[in-house]
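Alright, structures below, take your time with them.
Here chain A shows up in two complexes: once beside chain B, once beside chain C.
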Partner chain A sequence: MRAFAPILLALSVPVFAQGSGPTPPLANRQLADPAQEAQAMRLMHSLRCIQCQGQSIADSDAAMAGTMRAEVRQQIAAGQKPQAIRSWMIDRYGEWVSFEPDMKGVGLLLWVAPFFIFVASIWLARGLFRRRT
Partner chain B sequence: MNRPWLLWIPLAVVAFIGGLAIYGLAVPKDDQVHSAMIGKKLPAFALPAATAGVPALSNTDMADGKPRLLNIFASWCLPCKAEAPHLETLKAAGVEIDAIAVRDKPEDVAAFLAEFGNPFRRIGSDSEMAVQLMLGSSGVPETYVIGGDGTILFQHIGDIRAEHVPMLIEKVNAAK
Partner chain C sequence: MIAEAGLAALWLAAAMALLQFVGGLTLLRGGAGQLVPLIKPAAYVQGGLCAFAFFALMWLFYVTDLSVLLVASNSHIDKPMIFKLAGTWGNHEGSMLLWVAVLSVSGAAIAFFEKRIDAKTLYATLAVQGFIALGFFAFLLFASNPFERLVPAPLEGAGLNPLLQDVGLAFHPPTLYMGYVGLSIAFSFAVGALLTNQVGPAFARAMRPWVLTAWIFLTIGIAAGSYWAYYELGWGGWWFWDPVENASLMPWLAATALLHSVSVLATRNALRAWTIMLALVAFAMSMAGTFLVRSGILTSVHAFAVDPERGAFILALMLIYTSIAFVIFALRIGTVKQGEPFQLVSREGGIVANNIFLSVILAIVLIGTLYPLAAEAMGDKISVGPPYFNKATVPVMLLLMVALLIGPMLRWRRDALMRIKYWLIGAAAILVCGGLAAWKMAPDTRLFPLLGIALSLALAVAAWLPLRGRKLLRTPLPIFGMVIAHFGIAVSVFGMAEESGFSKETLTALAPGESAEIAGWKVKLDDVKPVLGDNWVAVEGEMVASKNGDTFILRPQSRQFFKPEMQTSEAALLTRWNGQLYAVIAQPDQEGDGRWQVRLWWKPYVTFIWYGGILIALGGTISLFGRMFRRAKKPAINKWERA
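For the complex of A and B:
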């Protein structure tokens, strides 16, 4: 039993890992201005929840996601640009928090790789088409 | 086929993808989200006291020239109970510890302290996790080493175990 204790401990964490506290009002309430809400929603779908990792903060029910949604809506309501809010999150959690990698470093590779694969495949296919005609 | 070397390209691509897979298996997976605030000053915050009898916590309280630990915990968090004795050890070694209680109720914090002791100088209540977000903190428990000028120097994610105690003492002493 003792050997299983750390495993049980690890498994038990997510069940209790919420606690009870007030949810910030803007976590689950839309902004009054539909255009701003749409802007906030688009951004929330591209930010990753810290607590549940695979989900965006728009999809997640975790407490931390609620806090992050409230932060996004507050900053949007204050007239902040979505790109600036994304940077604000990246300044705290690193590139990891964004579902849209920046066009630099390894992120740049992700953006340009499809283009190179496309060009290379055309070049490879070229010979095949030529022989048939 | 006038260019037989072209035949090797698919093999090379498959070998590359296979290599990536083996690399992915060989490198240990890191699920933790590390704060990007290391090396930066504490953000400005002023949290109310988490329970009666222990003072509240603001960022300026931790910029008094003395390095210390900032422990993020919650009464509802199991690993926080597991690390409580090690925080006592750190306190006994002369390390000053401030704390932030996340999504907690005053009576629950009081019960937690009554059961596990209080190694904390101050405890702020972060009921909406707003300060956690500012710190780049991803969960409980977490422990930060804060320099005497209020700079975030180090982040320890997860509960403090016996083997982490000397390392944390070392980090706090190094910041003096």
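For the complex of A and C:
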């Protein structure tokens, strides 16, 4: 087994590297400033990896996700606001990329719905208590 | 030969389901009832035939009969035996066969064991059960025949998705299906009772064990699925609000609400219409879940089940069953008499609060899951993901926990908050102290984790208070069950809050001999070597983690599978009582300098999430056995029923 080790390792490495191209360094490295990194992390969790099946770019091994992580970290390090980076991503990849729909337009109803449902269900349940004994 | 026998068994079983349905229908329509003596035997035979068909398919996977299309496209001669067997249900056709088999065996069990409810209601229930089974038989036989042959037979088979080659697979789907099917039985009982006008405590007691069983299986299935995703996907996340996860969460939420309201109906004869409604919703959510998963209509991590045509079939089934059920509900609900009254501050009031909050969470999850579909239909392609679901549901979950601090302490029918004022003051004190302590330790923590920690600490105490003043040996087992399940909620929420508020992360690249630090741990990459598995090769990192003089060895792998080709990360987990160290080795770093990408997390108390899940399921199990035991000892007498 040991004798085959170098061969196996050589065999497996090209497969891992396949298709990923040169990955930008910030894809898999944190920013030095923890506050900035936390900000970037929160944003990355709310951006969809458009190459994957429903994962955020923070939870994906895909090359595309790595490139997008690097982009987010670079822009955060350059002092960009998360909201601006999100808009930048949406301009590039469409609204599909954002896991957090805007509170306007199509997404508005989505944010209003929980309040509406909450009030409506309390109102419906009110009838249950009316009867006094 | 075995395959053909299995298929024949399915056709015969479908005929039995039809007999069961027609027999019940003629009885309900006031017919002479010549078919009635056949209903129960039909249910037994249907159960037996379906079990046979399922084991026939399992046998085909066991011997890897590649002349069967399903085996050839999902198995491989070199696969480990456990995964060959688990492969029986690790695919569309096999999992639907499992669904139907569990449904039919449960139908037989009802026919055999259920003695408490009116005979006519039982026959109506079995007829509904037969009707549901018919739809799924049609689906199996016409759209997803598991026994289809493949000519000529291939030499080795296509293999199973590597993500599914895990012990998690052996347990996760079957447990969820048991849950879904259990809810279908609750549905059959509810419709049966509506049709025969028997919505009352006796019906609730007959339905309760099935709801409880379904709920236990769903709880275990969701917890297991969450842990599986956590260690298998390699990024440390344990809940992604993925549509398929939501598809299992929604029936669980409905079942949790139903479980509480059915208890009120069984013991207090209140909340009648509401319980029926929840039973219908719970099964509709199971069907919706099956539909979402099986159709692949929503892009998701679990999209290996994609098949739009079959999706349309299940959608049709779902619409037929739920619309018929709701029409019956609308027509018959007027005949359901009002239940016993109660006041806002009472145990019933607490359970109504539980039901409202759970229903609101359910509605939010449903809307969030389906919203992208609706938007796409109108021409907008949007995503709804974790940020939305967290913001929208967590506040309601926290309210639910507040209700849980008070509800179980209240008396049935009417009570006064003044009676439990000492506990209310105590709970407030725990909340304030717990919140402040957590905030003191980490001032930049966000609000939700802080509230989650404070509430779970208070609940960890509150959960046990219903035992106060009771003689422990004479306390009924279901009370212990409730106490343990509620304590499990506290444990689980504590884990979730700690993990989401206090996790630490280190992403780096290490050459053998170099080390990284995380949360007081020093992790040294000692060696990187290749490993050969049955159907994969991997790069394995040997890491030495040390803290306070203790050292541990971690061996994460990055695996490359051959059949089919795919790369997965096998994280290495080091479990301590207060958290887990999660280590992943990924690709070689780009500079080609012999360094490997390494991801490390310290996840405080993360295991509590699943320990809590186990406690919740354990509480349910104790309650279930307690009721069976009590029922065996003495028949329950209820003052709201005529003797």
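Convention: the second predicted complex is superposed on the first by the 111 of 133 C-alpha atoms of A that agree within 3 Å, B and C clash if a C-alpha of one lies under 4 Å from a C-alpha of the other, contacts with A are read in each partner's own complex, and residues count from 1 in each chain.
Methods note: a residue touches a chain if its C-beta (ideal position, glycine included) is under 8 Å from a C-beta of that chain, and two chains touch if they have at least 3 such contacts.
Please read these numbers as outputs of a predicted model, since none were measured by experiment.
In the superposition on chain A, A:64 makes contact with chain B only, not with chain C. In the superposed pair of complexes, A:51 makes contact with chain B only, with no contact to chain C.
By the touch criterion defined above, A:94 reaches both chain B and chain C. Annotation for chain A, partner touching more residues between chain B and chain C: C. Once the two complexes are laid over each other on the shared chain, residue contacts for A:110 go to chain C alone; chain B is not touched.
Contact with chain C, but none with chain B, is seen for A:29 once the two complexes are overlaid on the shared chain. Judged by the touch definition given at the top, the superposed model places A:122 against chain C, while chain B stays out of reach.
In the superposition on chain A, chain A positions 9, 12-13, 16-17, 20, 22-23, 53, 94, 96-97 are in contact with chain B in one complex as well as with chain C in the other. Only residues 233-235, 237, 240, 242-243, 271, 298-303, 341-344, 349, 352, 355-356, 359-360, 363-364, 367-368, 371, 375, 378, 380-388, 392, 396, 413-414, 505-509, 529-530, 532, 537-539, 558, 560, 567, 569, 586-590, 597, 599 of chain C touch chain A when the two sit together in their complex.
Taken together, the chain A residues at the contact with chain C in this complex read 1, 4-5, 8-9, 11-13, 15-17, 20, 22-23, 25, 28-30, 41, 45-46, 48, 52-56, 58-61, 94-101, 105-107, 110-111, 113-114, 117-118, 121-122, 125, 128-129, 131-133.
Looking at the complex, you find that chain A touches chain B at residues 9, 12-13, 16-24, 50-51, 53, 63-64, 67-68, 70-71, 90-94, 96-97, 124, 127. Contact residues of chain B toward chain A in the complex are 3, 6, 9, 31, 33-37, 74-79, 82, 102-105, 127-130, 132-136, 138-140.
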